[in-house]
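In the part that follows, the structures are each spelled out as structure tokens.
Okay, so chain A shows up in both of these, paired with chain B first and chain C after.
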Partner chain A sequence: MQYLIQLLISGLAIGAIYGLIAMGFAVIYKSTGLVNFAQGEMTMITAYIAWTISTTVSGNVFVVAVGAILAAVLLGLVIERLVMRPMLGEPVFATVMVTIGLAVILRSAINFIWDAYPHGLDIGMGRGIVHLGGIGVRTGQIAVIVTLLALLAAIWAFFRYSKVGVAMRAVAADDRTALLMGISATKVHALAWAASSVIAGIGGVFFALSYDLSPAMFQLGLKAFPATILGGLDAVLGSGLGGLLIGITENLAGGYVGSGMKEVAGFAMIIVVLMIRPFGIFGERDIERV
Partner chain B sequence: MRTGDYMQSYGELVALVDSPPVWLWSAVLLLALIAAPHLLNSYALSFLMIILITVTGALGLNILTGYTGLISLGHVGFLVTGAYAYAVLVSKYHMPPLVGFLGAGVVPALASLIVGAPSLRLKGLYLAITTLAFSFIINTVILEMRWLTNGARGIQVQRPEILGISFDSDAAFTYLCLAFAALTLFATLNIRRSRVGRAFVAIRDNDTAARVMGINLHAYKLFAFVTSAFITGIAGALYGIYLSFVSVEGFPFLLSIEALAILIVGGLGSALGAVLGTVLIVLLPEATRLLFSLFSAQMDATFTTGAQELKSMLYGLVIILFLRFQPRGLVGAWHDIKRTWVHWPLRY
Partner chain C sequence: MIRHLAAASLLLSTACLAIGPAAAADPGITDTEILIGDVEPLTGPPALLGVAASIGHKIAIAEANAAGGINGRKIKYVLEDDGYVTARTIQGVKKVIDVDKVFAMIGISGSGQSIAVMPVLEKSGIPSVIDVAPVKFLWEPPRKNVFVVGQSYEEGIIHLVNFLADKNPGKKWGLITQDDDYGITVRDGFDTVVKAKKLNVVYSGNYKKGQQDFSSDMLQLKDSGAEVFLAGGIISENIAMMKELEKLSIKPVTGIFWPGRIEPVLKLMGPAGDGIYAVDYVEPFAGEAGKAFLEKAKPLVSEAEFKGINRYTMTGYAAAKVLIAAIERCGKQPTWACTIAELEKTRNVETGVMAPISFGPGVRFSNQKLQIMQADTATLSFKPVQ
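Take a look at the complex of A and B:
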């Protein structure tokens, strides 16, 4: 029982990180209709920038947080402006391949700029251990779960009530009609990239806090795929929850079946889910016309 | 020089090559390739081997992604399955290499049925991610099946001896690769002009319309998966022999991306494109290295320390630039040049 609860809690914690990155995928998919294969790399860059700030400027929590968020916004905007905007109107396959190219560039750029060794992100918190009913939990793990839930609520409210959120939904649903209604699609795309970069970046920083920073972090992006697919590519909230589900499944598979299964439990799960619902659990079915 | 497609009958539409001079140039190229192993030094020969092996694999992916329009991000899964099938059959159970090659084709083809069947309902990005999932699952399966695959330790592979001919030397092995590459090229060109190939292209261009025309989507998609996996598996076996060692690490996920990059750079859906793309992508890092060393020793030093990183950055950049400025790839560029040449000084 103790073992099960331990697995569930650490599953939730890693799942919350997957959930954050998966939300990053979904935000971009929802407003631009493409899967950003560079999400894991963007997550990683934000975490590395946070680490650089903490070691060179100041280890203060707020300085690091603000710096990392600003950097993530800038990264999202630059990528949108330089790489994605010229591809507007091209087929989806081409734009998705561009993000794959981007992922390759970012990944090697990280190895090139920083080094290939793991680093610990130390900002004086997140590594302390709290005992909940006899089970030790890191404060960073609690914080990431809370952050995910708070962001889920905030994003739900944003898409439901704010004018910008409604505009984003409009562009996602039908960009031409949205343009006719006076919504600037390019602004919405830029906003989506910035938002996605920040949300995923938060996930990256939390990962670096609880575990370590290393060039293998881009695999978080691959791990978050099952979460997004499970939730449905166009369901932002579903993706967040999908992350939790994948995290728990992975940990249970790793704990009870074998460590090899841990790596692929999520992938095995999406193949099963997609066979039953080819558009994810919370996703909307596309209706196509010839 | 001919510039466009001037077809007057259905027979011309499905001809293997579109004009007689192409036969001549193909023959010249073939002779050059046959002479190459005796003229090149071993360093250049290793590039030739890699190009020939990669062409085989790229042509395999081209059937699935180029012809049928099913994006696969997990083709390295078929590559590694083929390599292991060969290694297990030949090195572990001492079967003749020909049986090994057959197995290297058949085993990935069977695996592709397993991944293809659930993928029939999926399209576009969902399919791409399922194939990605497949390549990770196959890696884990290989690592777990230790009794068969030696797990993470890998399997040593010898250069084969087929029908009494030893392919131990580099030159001989290049001929083997050349034979496979030429055979694959011939086979894929023929598939493209057959009834099956036209059905593939119809599915790529509009699957709903293709279905209305009476094309059995499921059967043809599965057929595309199986053919593609068969060819890719054989390329995997050749690559395993080239490395003389088969392990999961020898087939990194980046190879899947590289294969897609080759198709894009060459021109999606064209066999000629797959060949041109392979030559460009394989030689790109070497060409850049030469260029850098021409400029200064300083830059050369940077390149040596960060060589791997710069090489991958270059891949990414080339993919993006081609998609942005020449989405039809090198083949498209070639068509543009031909048109400009004939119509000059008029633009169209």
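Take a look at the complex of A and C:
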């Protein structure tokens, strides 16, 4: 039983990170109808910025958190303004290709700006181990699960009750009608990129806390993408939950079937789910596929 | 008359064939410069290796240039990034040879990339010394113009597992490897010793390249009761594995392979990495030879490059020293044919960073001597085990 619980907790912890990044995918898709293939790289850049702040400016957790969030906002806004906005009105395929190009540039930027060495993000917390009934868990892993759940609730409330959230839903539903109603689609897009960058960046920072930073971190985007598809490409909350499901499935497969099955299990799961519900568990039926 | 003409033609043809590509081409040499080319992963996950190796090349080149160059010619280094993508390695090597027209090649990317680029190198006939990826395919069968400095992965693993088996008789073993050529080589070496010493293997895992979370794998290892563990990851994977073991409150006797035997890894592993064993054929930085190398390197590279030095810098440095020495022995007018012949004559060349290097007729692999080291977290270093 302890074996199973340990697998579940570890699965939830890594799944929460997938979930945060998956929510980043969904926020952009929901607002712009675009799949951002640079999501993993944006996650990685934010984590590296957090590390830089912690090592050069301050290791204080609040300074690092605020700095990283501001940096993520800026990163999202800059990408939207300089890279994505000029692509407005262009075919979806071309725009998606731009995100792939952006991913390669951001990936290479790591080595040019920082280096290829692995680094640890040390902010004085998150790395300690607590034993719950004989099961070892890092405090950062507990924190990321709690953060994901809190963000899920906050985002639900944001889309449900706030004016901006309703505006984002309106633009996603029909941007021309939203425009006629006085909603600025470009502002909504910019906000979506900023929000996506922050949410995914939080995932990246937690990953760096629990594991380490390395140029291979961009691959988290590849792991989180199935979570988005599973939860629903247009379902922000569903994507978060999809991440948890993928994390747990991976760990159970790794623990009971064999270590080689770990990476395969998540993808096998989405194939099965998509055969039954092509729009994902929480997605809406009408999805324009890329 | 006809007989004389035929004999003369035959002689001329033979002479052309003998000196053919070298005398006809001999690119990369001017009155003042000799160009040496390299294609390495400077971006992407294995950039840690490629960048460090290129720093080693730069150190050897800077050292030679400071001493007047090769018989009066300064060495110019042409470095291309392949991002660890095989297609880009081939493209890069072709570019360096055909466009930059270098005189010799050095370094050259990782295992799969080196294997893929071998037909290009062989066809070109350019003198090449590979130091990044010592895989058997590169020297078996021996290729006329390709020399490899280092030790095979398989031999390295056999040496490490033999050491750990002798030190821990009758213990239960666990192993995890990556699902690629590298992992297969690690597993092959491990299996050789398992068979010979009849080791009791209770856990055998395999992870997908790029995996970052090892929680279920290490839980399985714990569940199996393994007491000796061969962590067959490269860099980040080994760190993740050790930290998982720490979380699970177990500490098996652990061995890692040389790609991960770099000092920053110990810092990231923290106490979890204390005492782990590693095998290598280059000197540890904690030893006298390592310290002397760092002293030598400091004035020759930038501050940023100095920080990027790791064991691959030593392999790069040694390979470049061997190549430079061979070209130098060719005198004022070095050719490809002469350089290859001189590389073949390499005998006990001292580099200070590994055992003396030798090649020979039909011997294109330097077959470096191995040693076991142990991690010391307090000093963040690996120290030789006597």
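The working rule: the second predicted complex is superposed on the first by the 286 of 290 C-alpha atoms of A that agree within 3 Å, B and C clash if a C-alpha of one lies under 4 Å from a C-alpha of the other, contacts with A are read in each partner's own complex, and residues count from 1 in each chain.
Keep in mind that, in the parts below, a contact is a pair of C-beta atoms (placed from the backbone, for glycine too) under 8 Å apart; a residue touches a chain by one contact, two chains touch by 3 or more.
Given the structure is predicted, the values throughout are model-derived calculations rather than measurements.
Student: Quick one: classify A:Pro215 as touching chain B (first), chain C (second), both or neither.
Tutor: A:Pro215 contacts chain C only, not chain B.
Student: Based on the superposed arrangement, let me know which partner A:Arg138 touches: chain B (first), chain C (second), both, or neither?
Tutor: Only chain C is touched by A:Arg138; chain B is not.
Student: Tell me the contact category for A:Gly255 with respect to chain B and chain C: first, second, both or neither.
Tutor: In the superposition, A:Gly255 contacts chain C only.
Student: Applying the touch criterion given at the start, work out whether A:Ser10 contacts chain B, chain C, both or neither, answering first, second, both or neither.
Tutor: second
Student: Is A:Glu263 contacted by the first partner chain B, the second partner chain C, both or neither?
Tutor: both
Student: After the superposition on A, what does A:Ser108 contact: first (chain B), second (chain C), both or neither?
Tutor: both
Student: Between chain B (first) and chain C (second), which, if any, makes contact with A:Phe158: first, second, both or neither?
Tutor: Neither partner.
Student: Please work out whether A:Ile129 is in contact with chain B alone, chain C alone, both, or neither, and reply first, second, both or neither.
Tutor: second
Student: In the superposed view, which residues of chain A touch chain B and also chain C?
Tutor: In chain A, residues 107-108, 111-112, 222, 258, 260, 263-264 are touched by chain B and also by chain C.
Student: Which positions of chain B touch chain A when the two form their complex?
Tutor: Touching chain A: residues 71, 118, 121-126, 128-130, 132-134, 136-137, 140, 143-144, 206, 208-209, 212, 254, 257, 260-261, 264, 306, 308-313, 315-320, 323-324, 327 of chain B.
Student: Help me check something: in the complex, which residues belonging to chain A touch chain B?
Tutor: Touch residues, chain A against chain B: 34-35, 83, 86-87, 90, 92-94, 96-98, 100-109, 111-112, 222, 225-226, 229, 233, 258, 260-261, 263-264, 267-268, 270-271, 274-275, 278-279, 288, 290.
Student: What part of chain C is in contact with chain A in the complex they form?
Tutor: So the residues of chain C touching chain A come out as 42-48, 50-51, 83, 176, 179, 205-208, 210-213, 215-217, 219-220, 223, 235-236, 239-240, 243, 246-249, 264-265, 267-268, 307-308.
Student: Using the touch rule from the top, collect the residues of chain A that touch chain C in their complex.
Tutor: Listed in rising order, the residues are 3, 6-7, 10-11, 13-14, 107-108, 110-112, 115-120, 129, 131, 136-138, 207, 211-212, 214-217, 219-220, 222, 250-255, 258-260, 262-264.
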